[in-house]
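Have a look at these structures, which come just after this line.
Same chain, two partners: subunit A is paired with subunit B first, then with subunit C.
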Partner chain A sequence: MAKQLAFYYDQSVCTGCKACQVACKDDNDLSSGIIWRRVVEINGGDWIKQGATWGQNIFTYHLSLSCNHCEEGICLEVCPTGAMHKREDGVVLIDEDKCIGCRYCEWACPYEAPQYNDDKGKMSKCDFCYNYIDEGLPPACVAACPMRALDFGELSELQAKYGLVDNIYPMPDPSLTKPAIVITPHADAALAGAEGVSIGNVEEI
Partner chain B sequence: MDTRDWALVIFTICAQMAVGSFIILGVVHFFVERKSGLQEADRMSDRALLAIGPVLVLGTLASFLHLGSPINGWRAISNIDSSWLSREILFNVLFMGAGAVFAVMQWRKLSTATIRNAIAVVAALIGVVLVVSMSQVYMIRTVPAWDTVATVLSFFTTTFLLGAMAMGTAYAANYTYMQRKSEPGCGPEGAQCDLLRYALRGLAVASIVLVGVTFVIMPLYMGYLSNDSAATQQSADIIVNDYGVVLGLRLALVFLGAVLLGGFIYRTASDPTRERWMINLAYTAFALVLISEVLGRFLFYASQITSGLG
Partner chain C sequence: MEDKGFLSNAVKGVELNRRSFLKWNAALGGAAALATGGLTASQMALKAAAAGAETVVPTSCAHNCGGRCRILVHVQDGVIKRLTTDDRPDTLEDPQLRACQRGRSYRQRVYHTDRLKYPLKRVGKRGDGQYERISWDEAIATVAEAMQRIKDEYGPEAFINHYASGADGMQGAGTSSRLLNLFGGALNEYGSYSAACWEYMLPRVLGTFTTANSRDDWKNSKLIVMFGYNPMEMVGGTNTMYYLKQAKQAGAKVIVIDPRQSMTAVWADEWIPIHPGTDVALIAALAYVMISEGLHDQEFLDTYTSGFDDAHLPEGIPNGNSYKSYVMGDQDDQPKTPEWAEAITGVSRERIVRLARELALTKPAAIYQGWGGQRRAYGEQFVHAGITLAAMTGNIGISGGSAGTGGMTSRYLPTGSLGVPNPIKLAISTFTWTDAIVRGTEMGAADGVEGLADGQETLPYNIKFIYNNAGNALINQHGDINKTKEILADDSLVEFIVTHEQFMTPSAKFSDIILPATTWMETESMTTSWVMGDTVYYMNKVIEPLFECKPDFEICALIADQLGLGDQYRDGKETHEDWIREWTAGLKDVDPTFDFDTFKANGVHVVLYDKPAIGLSEFRADPEANALSTPSGKIEIFCQAKWAADDPVEIPAVASYIPEWEGPQSDLVAQYPLQIQGHHFHARSHSTYDNIEWLRESMPQRLFMNPVDADARGIEDGDKVRIFNDRGEVIIPVRVTKRIMPGVLDLPQGAWYDPDENGIDRAGCINVLTSHHPTPFAKGTSQHTNLVEVEKA
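Moving on, here comes the complex of A and B:
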């Protein structure tokens, strides 16, 4: 059994089509306002002077992100009820019977993964489609991607295969929570905290 | 800021005011007892002590309103191992318990004064731990605007400032009540009258010092916010640009209430012919400082920005 399941995301081929986001929303019947997997659009660049003419170096890349089922998830530390818990395979889940809807995990998580369900008065979050995982099937988002940009597996194996990148802007300093994610960066991806780049679809994520 | 966060404003303000009041009450009682004896000290303190309970209960009830599933609220104490939120709730319950035990014993004069004092000291220490754990709840590494010593410092200045102001008001109300009942010692030259002046002078000085501390922390904190990281800059932006008026009002009111009126209270407390003035000033000062602290706490929650995508 896996010790720490993780997502792999090939940002260099992602087109930002949001099939993963929609598949997740549909499969998990998420109510409006709740999106467990979101595709962030990042824009950057400016006019640049080249000799006597003005050109530009603008660029856009996407970042598909859900809960990273972090190795040191701060959600697990701060949750006062123990509702937020880690399975043996590393998947971080919310036990709805225990959750009191205090929203502390929402404040603490730097990936905006826990999202509040107002109808239930409980927190909700990506559960790695553990029902599929347990049957040997891939999560809905992974299965849906037309570019095959998403995959999942044991964190150490993914790292051995694809490297260690886990902080593409606007992701936070990975030492905060040790996210279980491996990314193949887009050619234009600026590293976390870079300046001159901004999120293009703030209202969508 | 989410509307439900107002419940947290009420909870943190009430709990801190209760802790501060309890400690201030003890300190004043200590000095007053040395001045005029245990009996006079108890006459001054006992009714004021009873005012603390309802404040704490109100705050605790408000904290439940913050929860999406309040019925399950008792579970919040289950993660003492790692969650400061669990610890905060534990210490809140313990403080309430110890305070209640002391209040009953003090009111009924059960056991000896020494044992009662010992219980009061224990309750006060639990109160301090409660305020420390309240600040730890917010000092999480992913929220840099909160993760600073300014959080602890400002929680403690709020604790003692509101404690001093609330107890000044409670003493004044108790005194007015005794006067109306024509109890002894409440006229000019009376022992109670003397003690009230003595206490209000001390509390006025303490309040002015605490506001001084606030005015030192504030610019340092704003400097940190505007320099530390993208997340803290966003917090600074919220405080200065979105809520600049609230910030201005918060600072103006605490200055007006604690420093200006505090100064007047000090002067009128030295002049026996201006008793009504002194008492009304104490009430007004408390009201202004309370509003200021509520606004300050509102800004604290409103400026919450998590690093990264949060």
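Moving on, here comes the complex of A and C:
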């Protein structure tokens, strides 16, 4: 099997603090509007009037997501110039010299990982901090997480250790791209479909 | 495999496909690329051109959050390139001290285009924000002259070094406190905006501040119940959530009681929403259930406490005044039943009964109370009730328990400070400083003035000089901004205000002289992990001061020179390092592995303890030999100091529920039906960081409102809304969210007040809506007790 680096995300301990997001932005000098690692807040449940009081079954969980360096990334297929490419270790990268800023990858990626950099007229996205990886260091977001919720490694090894979950709401159907991510779900994440969940922080992501 | 199928099924039917996922960013899109985040074009260019070798400078983030986190600054050719955090080995015994998003964004703060660049002198009316550039010489001379004049005309009692918490160590308020104290002193402030009721009540009820178990003990708790404690968002200690994670993994159940599903509550096992300001009623009902079912720890109460029941009241106190009497309704004919509490708290009677049993029967259990619950009308009762509950369950002084306090551990590192004794003994409660401007000469013991000499009835002078050094509590963080503005705008009242700042904050705009201060990346300082007592940081200087900025210490030393106090001020030391060396000299006694040079090179020293610290464990082991320094020597469930205050309505001697002056039971509710509070926002440390682009993007300021209240007012998520009461008005977008209970609003505190031409705040600063009303006993802030109405703007 080809080598495929992947993220591990322990959603059950994530607080939604966004240290990962901001560490990534600082490390990669991202201006406002470009967020390579986003943290989604998901809410469900309801308030129910019970006599004098309000009952509730509200639940909230977070989902920290970057580019998933998918095994079958659609971005790779739609890129007309070959700028979007996969390294030997599975990391999906943009070759800025080849990128013409056509934004097909942005349109195609179901995770909206590639984001347009207006200043440069090129696409941009999480590069798995390959410069750190190559030096034997963890990616900036992984090293940042105060809850130690993020990790990375070989996809098959992470799957063997943590299971196969890669589709927490609101992630798309994983069969579209085969994302290289392994998630330990939040206890309430399983409730997702049942109660009608929604994204609580649209303006933040 | 099973999990995967389960989740796939779970998300079916919620219209989840690629397109709906794309809606995520509908609001942002490609067009949302705004200005580059805080870096000036020249800075960017410099970065790009940088070719020199990268150096890494270790320091610590040190603003007024509960954390202190290791920051490694990567510098190239004198320009900060990026930040990383702790890179020491990450072990359970000595976990990495990882920074939060605020610390991680510090580059944008240092290089912010709005940095103050040179000294400024006010030219318009105070508060109008009109300034002109002056030289450092003129600025220093002006401040020194004003100090001399006001001291000559009034006296040192007319000075305050105002409450300011934006910087630490060799920076911030400590530097000007030293200056004023060498110059003859200043009126003291006791208590704080943060924890006035804790600071006032703990010595009176437990005889000490240091009452909590250290966080490495939390894994020994079976149940952790948090009343309004939100260490995740305010950051109550670096790694506190990580310790909680370990407690949870070791089997502890974590329950958070809070009107809002805070980020801590989100993460906990259970969230119990409660009406703001009613925790004391809930605790009374928990006590009622425990007493009725015989679940309380009578033996502990008999041995270690005073005044739980009539049999254990102090001598001379009539029966009927014990906590048990209060709970059973002996005096007011109102037993504090779960039914009674349900109507007040909004917590169902069933949940109250269940919580009482859980708390009484799960041993050991830890009760934690945040500080927000005591920044309310009757904050003293909140503090007292939590301690009472911890005592009733016998969880004080043992591993896995807690004394019900706000998290002050009994670990302590002996480190020095710039402090010198203040020759003035008079003190006011911090929150009453605006009062002391207007009517200081009428304020006496009844207003909380301490240190009055024999025969002295009141303060001798109103406040005439304010030194505001690294603080935003002149305007932004104090109650009732519109009233405060009026007081400060009148320069016949306070005659001179000097501020050290990095930005033109709302408070800076009320200064006569503004002195541009360096950030902690442009100077050398030291800080500690505060009450955690385990970490000290050497804050190495990263870059040269930008523009004409100077470190706070240098600024005060220059003023001291003008006043002929320079030598005393500098104390024979030439560098900041000399000071830090002196401050840390005692650490070797606590930890023989401490070595100054290593400390400086690493920027951090962690003291590793071989066992957890257990608050009040000595008292628990031998209550006679280690009697508390309270009047009874015991835990004062009946507080003799409160009794002596002789105000049974507002300062009852046992922890009693009192409806708030602005609450659902007050008459004002007809006009202003919604309670509003302002929690510590994770995008800011109080007001610090409010202007940071990455953080504004990460967590934009919003009013949080329940859909029930929004629907009733025709308000939709994202709408601009008007929040108002008799004190002021705010217009800001709303986040309609289920994460707050109906009837309650939350406007995160700390946004920089930004009035439009009609005086309506457009930033979302809650203090436009809060009051100057102090709590009755501690005279602390009640800034979370407010009623308002909201409508679509």
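Following the convention adopted for this analysis, the second predicted complex is superposed on the first by the 189 of 205 C-alpha atoms of A that agree within 3 Å, B and C clash if a C-alpha of one lies under 4 Å from a C-alpha of the other, contacts with A are read in each partner's own complex, and residues count from 1 in each chain.
Everything that follows uses one rule, which is that a residue touches a chain if its C-beta (ideal position, glycine included) is under 8 Å from a C-beta of that chain, and two chains touch if they have at least 3 such contacts.
What you are looking at is a predicted structure, and each value in this text was computed from that prediction instead of being measured.
In the superposition on chain A, contact is made by A:Asp173 with both subunit B and subunit C.
In the superposition on chain A, A:Ser32 makes contact with subunit C only, while subunit B stays out of contact range. Once the two complexes are laid over each other on the shared chain, residue contacts for A:Val92 go to neither subunit B nor subunit C. Contact with subunit C, but none with subunit B, is seen for A:Gly55 once the two complexes are overlaid on the shared chain.
Look at A:Cys102: by the touch rule set out above, it reaches subunit B but stays clear of subunit C. With both complexes placed on chain A, subunit A has more residues touched by C than by the other of subunit B and subunit C. In the superposition on chain A, contact of A:Arg148 is made with subunit C only, not with subunit B.
Contact with neither subunit B nor subunit C is seen for A:Cys126 once the two complexes are overlaid on the shared chain.
Look at A:Cys67: by the touch rule set out above, it reaches neither subunit B nor subunit C. By the touch criterion defined above, A:Thr81 lies against subunit B but remains apart from subunit C after alignment on the C-alpha atoms of chain A. Judged by the document's definition of touching, subunit A residues 40, 103, 110-112, 116, 118, 170-173, 176, 192-193, 205 lie at the interface with subunit B and also at the interface with subunit C. In the complex of the two chains, the subunit C residues touching subunit A come out as 1, 3-4, 6-14, 16-18, 20-28, 30, 32-37, 39, 44, 47, 82-85, 87, 90, 98-101, 104-105, 107, 232, 238-239, 241-242, 245, 261, 263-264, 266-267, 271, 273, 342-343, 346-348, 682, 693-695, 697-700, 706-708, 718, 735, 737-739, 741-742. Residue ranges on subunit B touching subunit A, taken from their complex, read 2, 4, 66-70, 72-73, 75-79, 82-86, 89, 137, 140-143, 229-230, 304, 306-310. Across the complex, subunit A meets subunit B through its residues 40, 65, 74, 76-83, 98-104, 107-112, 116, 118, 120-123, 170-173, 176-177, 192-193, 205.
Considering their complex, residues 13, 15-19, 21-23, 25-27, 29-35, 38, 40, 43, 45-47, 50, 52-56, 58, 60-62, 103, 106, 110-112, 115-119, 140, 143-148, 163-173, 176, 185, 189-194, 196-197, 199-200, 202-205 of subunit A touch subunit C.
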